[in-house]
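Each of the two complexes below includes chain A, the first together with chain B, the second together with chain C.
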Partner chain A sequence: MSDLLDQSPGIEPLREQRLGPLFWICVGWLTLNVLGAIFANVLPLVNPLYQNYIVINAGPSLHHLFGTDDLGRDILSRVVFGSRVSLAVGSGAMLIGFGIGMPLGMLAAYRRGRLDSILTAVMYVLLAFPAIIAVIAVISFWTPRTLVKIIVVIGLASVPLVYRVIRSATLAVATKDYVTAAKVQGSTDRRILFRELLPNIAPIAVSFLLIGVATVVTLEGALAFLGLSVNPPTPSWGNMINESRTVMAQNPWLVIFPSLALCLFLLCLNFIGDRLRSYFDVTEVKL
Partner chain B sequence: MLRYVLRRLVMLVGIVFIISVGSFYLIHLLPGDPATVILGTGASPANRAILYKQLGLNKPIIEQYFVWIGNVLHGNLGTSFISQTSVASTIRAAYPIDLELIFLSQVLAFAAAIPLAMRSARKPNGLLDRLLSAGSFTLLSIPPFIVIVLLVLIVSIKLGIANTGPSSFVSFASNWRVNLTSLALPSITLATASFVLYFRVLRSDMIATLQEEFITMARSKGLSQRRIMWRHAFRPSSVALLGTAGVNIGGLLAGGFVVQYLLGIPGLGYTLISAIASSDYLLVQGIVLVVSVGVVLINFFFDFLTSLVDPRISRE
Partner chain C sequence: MSERLLEVTDLRTTFRTVTGAVPAVGGVSFDLHGNETLGIVGESGSGKTVLARTIMGLQPRTNVEVTGSVLLNGHQVVGASERTMRTMWATEVAMVFQDPMTSLNPVMRIGRQIDETLRVRLGMDRHAARARAIELLTMVGIPSAQSRYRAYPTELSGGMRQRVVIATALACSPKLIIADEPTTGLDVTIQAQILNLLDSLKEQLSMSVILITHDLGVVATRATRIIVMYAGQIVEMGDTRDVFFHHRMPYTRALLDSSPKVTNAPHTRLAVIPGRPPNLSTPQPGCAFAPRCAYATERCHVEAPTLVDASAPGHRFACWNPLPETSDREAR
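Here is the complex of A and B:
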């Protein structure tokens, strides 16, 4: 009997009351990353391309906090400059994905009818596509590879996913009484979309955006690891890990620091996204 | 049920058609004349003639598609002008490795995720659940290409089994021991990513299922804990698990590319990345086509499986 009571429901608080200190630590770390990427030029860092042949494959020291690689380049500086690629791809691709997917999703869910059924059918077909393979295919044929092309390809590939999430979020809101009330009052469509619907789907959009950035950054890392992202010597976290493969046994720091930077970045994004989702209690819409 | 399967089948055909158009068009993304890019500037007229015939390059683009798809349907994906071997035979040699890798990783992932998720779901927010949830959340943020690099760094360099190259790869049939040893780290890597996914899905679904009335009913009937968990709770929750497994295939393949690339395992991923590096465009195109269609077929199969387990889906 006690066993029975033990397992009765009433578990998992449905709504988190506080964001918690860990949340703010993550926000702080992300801010630091963003600032580092923006101001990498101004920071007192060695040129990430400068090859100092006197200190090759050195471990962490006072002069080189993260050590140096096999060409004597400063790893700390390369990690900071490398974050630029990840951040550019993450934010750029999501800007495209949300820029196209969000208005389409909101409009489809608000208008319904033929527009909605056609758009949804098209997106459903696109979703069935293995997006990762499509991205690799297009990037490998659309030569020469540049950062802008990579951003565009990943951004476009994310549109169907964004569309689906935003559409189902908007659908849940569009049938609420306050939207009907706004319609009855004679509000314009534009006003309803921007003033009634947008603020109410914003929490879902933001938490999905963060998780989306994490996914895109992971994808770019994998592409860079496979040698399909920006060309060396431009540092990125992914290609630093790739380049270190051959000297990994002699100089493990070369792998560890960029990996750590990438994982911490992803962890913070995922954590903030997850926390926001439970804070705003948006479980009813499946992400 | 039949109507549902037929409807999905029509969609499947549509998607495969679009994939074929997309793969076909890849050649035209190349800058300049495709024949020159594929063959290089010093190409012999004979090779140019072969390629023109294969791709129908002197015809209008719509006709080109039909020439190309006609060849593809006859199993002719072209001949690589770099290795002088047929694309189809290269793919045929490589794909069993991907399937084996996926199979091994999925066995590992399910074997770990199912018992642990059921354990966790029994006492949500208990110590075990908290540990596993935090652990799986952390693992979620470690991409496969870092997992494999770290595993190699920790395990194989110490043990001396680093990248031995594609030529030393042994198939399961010729020597299963060596084969499994070389696939151990890659399978574990792929299993980690899948484990996180399956654990999280099954755990939250089980927690919801365990609050259903039929579970309370089963408990009050005095059924054993074991029977309740497996027969009454796991069966409805396994639908969500199956669905996730189907969707996961695409990511699994990409993860497979990464591990094959690092360890020099000659599956489709390794072949694809080497083909991209050596600008072997026909081979890239062939692999993209085969892999995309493969993923879509596997997804379709899992959809079908899910509708068998949960007949409500097909009635919607």
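Here is the complex of A and C:
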């Protein structure tokens, strides 16, 4: 009898859900990126703007680990300093996007009624307009370009996206019995929003935040590639790729390293976001 | 019997949908006294839950029309704003929801969920609320309440969770508890425990209970009175004994027949009620049960019966061809 039980399929004990080593590798890489961006000044790097005309378009060497560009600037140093722009845009724009989109989305989904109808209609109209074109248009005319302006414009452009995701996530939670129960037990609206709804949509919000950062960083890259991000000579991954176009044949390293940095950064963000979402999803099923 | 705690008069809850108006509750009147258990019985879709939520004042304001009157301890619920309802919720009336899996916030410790009510509604401080919450958890029979206070809902079994839900409902000692199918998600042995718990708490705290269920067995020994609902209307109501043993409405008989009996021989086929409950969005004249009723006559399809008094006080039924009055009908 016990043999039978041992052999029967499907009674294998549920394994504890793990985040996996790849997740932690990604977290490690992102941490490294963030630390690099913060401490770029302190790190033993060459000045990213220093032009050394003796070594132009050099390949990787011990002296210049990633090589140099067509003006003799150290690529490693420029990649590290360039991450500052990407990270600033990524975090700043998402701060604005979530700062505005999240409270509006939650409020609309919880309150419903006219507020919800109006807000949702406005947001969907905004969504229908291609964000990148709007961003390009505003940034081209809002001169002189500064990092802060770019962050503000991209941040505002992300509001409808954040609103839509947060609203639908909140809607799913707001109809649950425990929210009604809390209301009937005398919880105030503010308590329901912060204690019942917010913690329950947090997993979705966090994973969307990470993917949002990735999207925004890509957008900044695209703008920089079009020459619409921070002004040269300040390095950013996007404008490094842009500058490398003319010398790609002689010096492929100039395009490879910033692209690689951008690529790995986005990959890690997406992977972490995705992993977190499925991790929290399973917990929900277990309930 | 003490004073009337709840007076429901000609209550109608109508949903406006794209396919037309759906009268989920179509003219229901009943009273409830203090320290009484009222059982509301009916099939799925008979309007029990809508009735409960309407009494709670929980219907959404859009696309729902509520008319009639619900007097809860003298306060009008129909048309009351949410702000007004907030003054009644928890202290006058509380609700035990159907599914303990979804009626507790999964990311909040159970203690906090009880605390919060105490602190918001009764203005207790943190320590007093905590002590009271543990007391409540103990009262609903949760062992080692002190440590369970810090548990998350996932760490408890279904029965334990429903006890927590009941403790939450009891927090502000409401005069009326509405339990909407409180045992549907639980297995039979736990069902009995939860129902007995509700029963003993009712006596202990001298409150009233409305017990909503589709299972006559659940209300049989616990309710003082029973209301049988069909298609949003009361078809029979009366003292539990009268409804079980002297029922006049064929629907009540059919409901009783369709529950399994211990005395049945093995492999006895369970009696079923043929057909389906009517679609409320296309109203038919006559008695709503007529298409499924074995006793239906021409008149049943044309003219809707109204509630008339039976011989026992408080016993009423709505039927043109009632079952004959007997001294003691066997509850089959």
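Just a few scattered comments:
Going forward, the second predicted complex is superposed on the first by the 265 of 287 C-alpha atoms of A that agree within 3 Å, B and C clash if a C-alpha of one lies under 4 Å from a C-alpha of the other, contacts with A are read in each partner's own complex, and residues count from 1 in each chain.
By our rule, contacts are C-beta pairs under 8 Å (C-beta built on N, C-alpha and C of every residue); 3 or more make two chains touch, one makes a residue touch a chain.
Not measured: the values here are computed from a predicted model.
Overlay on chain A: chain B and chain C fit together in the combined arrangement. In the superposed pair of complexes, A:Ala181 makes contact with chain C only, with no contact to chain B. With both structures placed on the common chain, the touch criterion links A:Arg191 to chain C but leaves chain B unconnected. Touch counts on chain A: comparing chain C and chain B, the chain ahead is B.
When the two complexes are overlaid on their common chain A, residue A:Leu43 makes contact with neither chain B nor chain C.
By the document's definition of touching, of the two partners only chain C reaches A:Gly113; chain B does not. When the two structures are aligned on the shared chain, A:Leu65 is found in touch with neither chain B nor chain C. When the shared chain is aligned, no partner comes close enough to touch A:Val122: not chain B, not chain C. By the document's definition of touching, of the two partners only chain B reaches A:Met248; chain C does not. Look at A:Asn200: by the touch rule set out above, it reaches chain C but stays clear of chain B. Closest approach of chain B to chain C, taken over C-alpha atoms in the A-based superposition, is 10 Å. In the superposition on chain A, none of the residues of chain A is touched both by chain B in one structure and by chain C in the other.
Those residues of chain A that touch chain C in the shared complex are 112-113, 176-188, 191, 195-196, 199-200, 284, 286-287.
On the chain B side of its complex with chain A, the touching residues are 11, 14-15, 18-19, 22-23, 26-27, 29-31, 122-125, 137-138, 140-146, 149-150, 152-153, 157, 162-163, 207, 210-211, 219-220, 225, 249-251, 253-254, 257-258, 261-262, 272-273, 276-277, 281, 284-285, 288, 291-292, 295-296, 299. Those residues of chain A lying in contact with chain B across their complex are 3-4, 6-7, 9, 11-12, 125, 128-134, 136-138, 140-143, 214, 218, 221-222, 225-228, 238, 241, 245, 248-249, 252, 255, 259, 262-263, 266-267, 269-271, 274.
Interface of chain C with chain A (complex): residues 56, 58, 60-62, 86, 89-91, 94-95, 97-99, 101-108, 113, 116-117, 120-121, 153-154, 165, 168-169, 171-172.
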